[in-house]
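First comes the structure, then the notes that go with it.
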């Protein structure tokens, strides 16, 4: 019955994205695995991302007579094979020598959107030549000329949108990276960054990331967003929003879509889960604006929950990195197709023929069970 | 005081159904144990089934002067020694050479209802000759002629009802089976299935269960239920309902009873617990329709909770498989009688003389205790 | 400041009742420990008893200018040094050769009430000669003459009240006892029981406790309570109540006090925690009737919580058994005094001068913390 | 962007306060570690302190255009570099030979307030000579002359406030100390205490702390607070309040600030978490009075949560002890600066430029996730 044409790729040996993570952990040097997998502080927010999905259950419907099922959707008017986009994350060459190019080609094959991060290890022009639909994630630099230049280059290279990250006025502190004294390996550099931060001796998140902190603008205002939106005709996605009022203001100041995100638990530890605030953001900005959410999506059912709570699509980052680490372009494509397959199956099992058929009635919050703990005496 | 006449069987060495499971795990080849015990995806829904019962506590009454206590009840007007029926599940010969015949004979001795599954490993005619009251579980095939033929055969063989499963428009993905490359062992086949799926090289739930997926109808509508109900005078039980509106529609389209079920956590992972939606289904369809529930029943107290929340009876599957694996017909009978004994004792302890005396006042939800977790520092 | 005169006993080496349990476990044969410590079924109700206390926190007040603090109280008009009584439990000689006599003497020294159980291993006359204030716990026998005789004997021997247990129309099934094939050791017998059950080959709780089940009346009614109350001028305490309506009816039929109890988790597993229903029982019967509660009291703070929720006093059983097992009469006295000392200290810390000064404002339920669990993938 | 001038100290090797604790545990004799780290009874209240913070999440705002960020604040009108003060705790010389002097100097360098405890191991005159802004924590002695003398000495030595502890009418029982037979090591004494308790053979908290119990006044009234407030012009902070009414009365009787505290879980075990009652205390006393809170603060995010719930500042004790144990004055300063750095970073990440910009909208309680527990069978 499923009628979406899947990409031409055989499934990998890993049965789900959890297994991708475990396998990637086995092949990556541990400082690199930690850099990608980790979060800031006590990683409360990192761990809560999947927990936020666990608070919801699906209520499937039967006998819907679905003759066709498709995971296809659109985001910002762009066709995607599924409401799952690739989140921006730094330095794909940490995972695979072809880096962002491999990821971009995989996204093209999977017919979804690739988001290239400012701190990428491959130039956007190289990516643009190999990518399908792609977006450029932008940090606004103190040097506004450099910022403007990046937007121009992204536009020229074929990006379809600018994803501006708003939740990094300062770097979050990822203690594992400090413990590991993590740095970019020799030969890798942040190609879009000014010379002094191309290969910082300590990565973002390390204790004295002074150089990087001084490069990005920390005192952004909504005027800056307005300015950014004026630089090019590319639509702007405001990323890193966790409050409905901020979403409204972002739209008022030129954003065309909202990305509800806590930066993968890598910035403010103890920040609320993105999924938890998604419904109020959606309610605030209305149905006309696409709202994305990320953090903790590992299963097709997670995608359904996000859609039911009002997201237009989700973004995934770390699972993409695991696929990349395991098998480059093919690994990413397999991981994406795995998740798309789960989403397709779960749509069918829920009696929904498409992402557009998913509404709030699909989910309900689950009553926490009564976990009887042993007596409080510390044995 | 208990006045139900128990079947003539000595108790087994296993003191409760948990021990049956542990013992069966020790004797069954692990791929078979996994196939029976497992669920789909992350098994969230599988694990939540018992948790849903744990959210309720019983409030017993005293001094009720019960001179007679009986676990006997009726379901669809049929007499049963207890409101516990045998749920349909595939391939009993995986557990014991006599397969469904042994289970059916045990159910007859226990005076409860046996449900034969379409994917059985013994023919319904053989079962019909040895069973007491039994029902036939049906998947609606794309080939409606074959479907009609199965209903006719079931009716001729003496089935008292048709249990039509509505929650399998596509197979759930049980990853353990894929990991185990589980297949039907040589000599076993699905005797009611068309030739090409009699012994599929990969079982339902395995990754490329294309053959089986293509055999069953995935685009069912309520009209199909109406058609099915018209095929024979046998009452139809609509199985796999998790939403009150679907229950109402099922009744409108000819079902005579509702089975609230998530297919033992084997189809849509993250689906809501059946017990959690039971009360609203019961409220929607009223008292005139029998509502069954399954998933996670392991104790007499669980049966009482389901009754208190409006179920006419519960169905159990896996515990029956464990009894079958351990000692064939006798093992099943002992397991059933064990549970009946628990139910009888708990009825007495609750001050209720019969299943009919159980109402909503018997249960209350328990406040989740305050589980203080250790400090968040990752040790 | 504390002004209650403590009994003349040095503290033991065990610092709290948890340590008493651990130490007793080390010295008792494991079938005896299991018999005393265990509960029925999955022991959900057993484990929930302490959890029910953990759902509450104390809100102390300061600057109350307490010049005198006393744990003394009265129950049924009888003076006690603290609102902690000894719950009835069977066969004290399992723990110590002097059995119930030792426990009774300890209670006398501690100036609290000892409750002798029908299935005791010492005669009530022997106990009566050594006890201070004591009550007799009664099961109503099918043989009402025997029942009447026990009441008469208790009255003659000096009991101050009859505690009639209402929650045992049939024995709960304690599976550990069956696993251990637990029986009374040679030389011990239930001295108040008819000959055939004096030393049953299987204890109450074992699978075929048919003999005992046939001795006690299982079809009790409120009329029986009325009859019992008429047998002697002794006040009757109705024990085993978990529903407010049953409490009201008990009072209407002659009970003078209510004991809210689930029989230490040994009868109906999955029964609601006694503490959870205490407030509604208290509200139903009003302030004029003393309401007792038992189950899970291990700390002075637990006693305060029970008082704050309306109990006149608590009963403790297992901790008494541990004291008895460890050091006979002295062990019981030390355990009682330990708990009294905790209660006294906690009264002071709460700014309350006496049990009578404790009211509902002392407690508040605690919000369950947000326990973030790891991702649901079964590793 | 952060514009608070940090103290001149290099960061230590420990990345967070959890690591400080672990490192201190490795270097301190275990009875000393236990004395500092432990709580009373079952340590329910001790463990709940961090759990109470875990019930809240932060909701950051973006694009606030913060050009300056400062952690500086005032408490009782006194300038502090951050709303984090040093809580009073006993016997700093247990951790480091320079004891309270080292801590006081570190607080001076960190420009925050040091609170000297009555049971200190260095005289307040010595501390006063080396401290910046400091407060004196006072227990009211039965001997009011001695009490008056301590206030006079504190005033003369330069203390800026008297913190009077109200929650110790009797010592809490810390069982670990009894188990360890903990005593002050030779050479250490409580220099402000009367001779007989200068070096008690058993510390406060030990079983027979009779001597100490007899020294402090246990029957305090609000009149005593009024008397205390009249002794000197120093403002009085009422510490150990857990009820809004007590806070109101404290202010009525002369207190100038409230410290909501359960004494670090060392007094009444099972007492409510200080953070849980903070909002109602703040509401009761209004915005005009500074309210402090302590217990479980280990992260900058914890400070933010306390501020959002109405605290003017928090106090920390144990982390200071760990810094002191690890590296004396420098260790304390590093620990303080670590926490200040976290607070500064988290202020920026929350879009708040100063403690004064934090309000209730920064936090929201988190829905407890649905922790599915395994089946209840005790394996």
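Read from first to last, the chains carry the letters A, B, C and D; within each, the first residue is number 1.
By definition in this document, a residue touches a chain if its C-beta (ideal position, glycine included) is under 8 Å from a C-beta of that chain, and two chains touch if they have at least 3 such contacts.
Computed from a prediction, not measured in an experiment: that's the story for all the values here.
> More than half overlap in residue numbers between the two sides of the subunit B-subunit C interface, or less? Answer same or different.
different
> Please state the rotation angle, between 0 and 180 degrees and to the nearest 5, that superposes the Cα atoms of subunit C on subunit D.
Subunit C sits rotated relative to subunit D by 90 degrees.
> How many angstrom lie between the CA centroids of subunit A and subunit D, rounded to a whole number?
41
> Express in whole angstrom the distance between the two chain centres, defined as the mean CA positions of subunit A and subunit C.
It comes to 58 Å between the two C-alpha centres.
> Residues of subunit C touching 2+ other chains?
In subunit C, the residues touching two or more other chains are 16, 18, 42, 44, 48, 51, 54, 366-373, 376-377.
> Can you tell me which positions in subunit C touch subunit D when the two form their complex?
It is residues 1-2, 11, 15-16, 18, 42-44, 54, 56-67, 299, 301, 305, 342, 345-346, 348-351, 364, 366-373, 376 of subunit C that touch subunit D.
> Can you list the residues on subunit C that touch subunit B in the complex?
For subunit C paired with subunit B, touching residues are 41-42, 44-45, 48, 51-52, 54-55, 166-167, 169-170, 172-173, 175, 178-179, 207, 218-222, 224-225, 240-243, 245-246, 249-250, 267-273, 276-277, 365-369, 371, 376-378.
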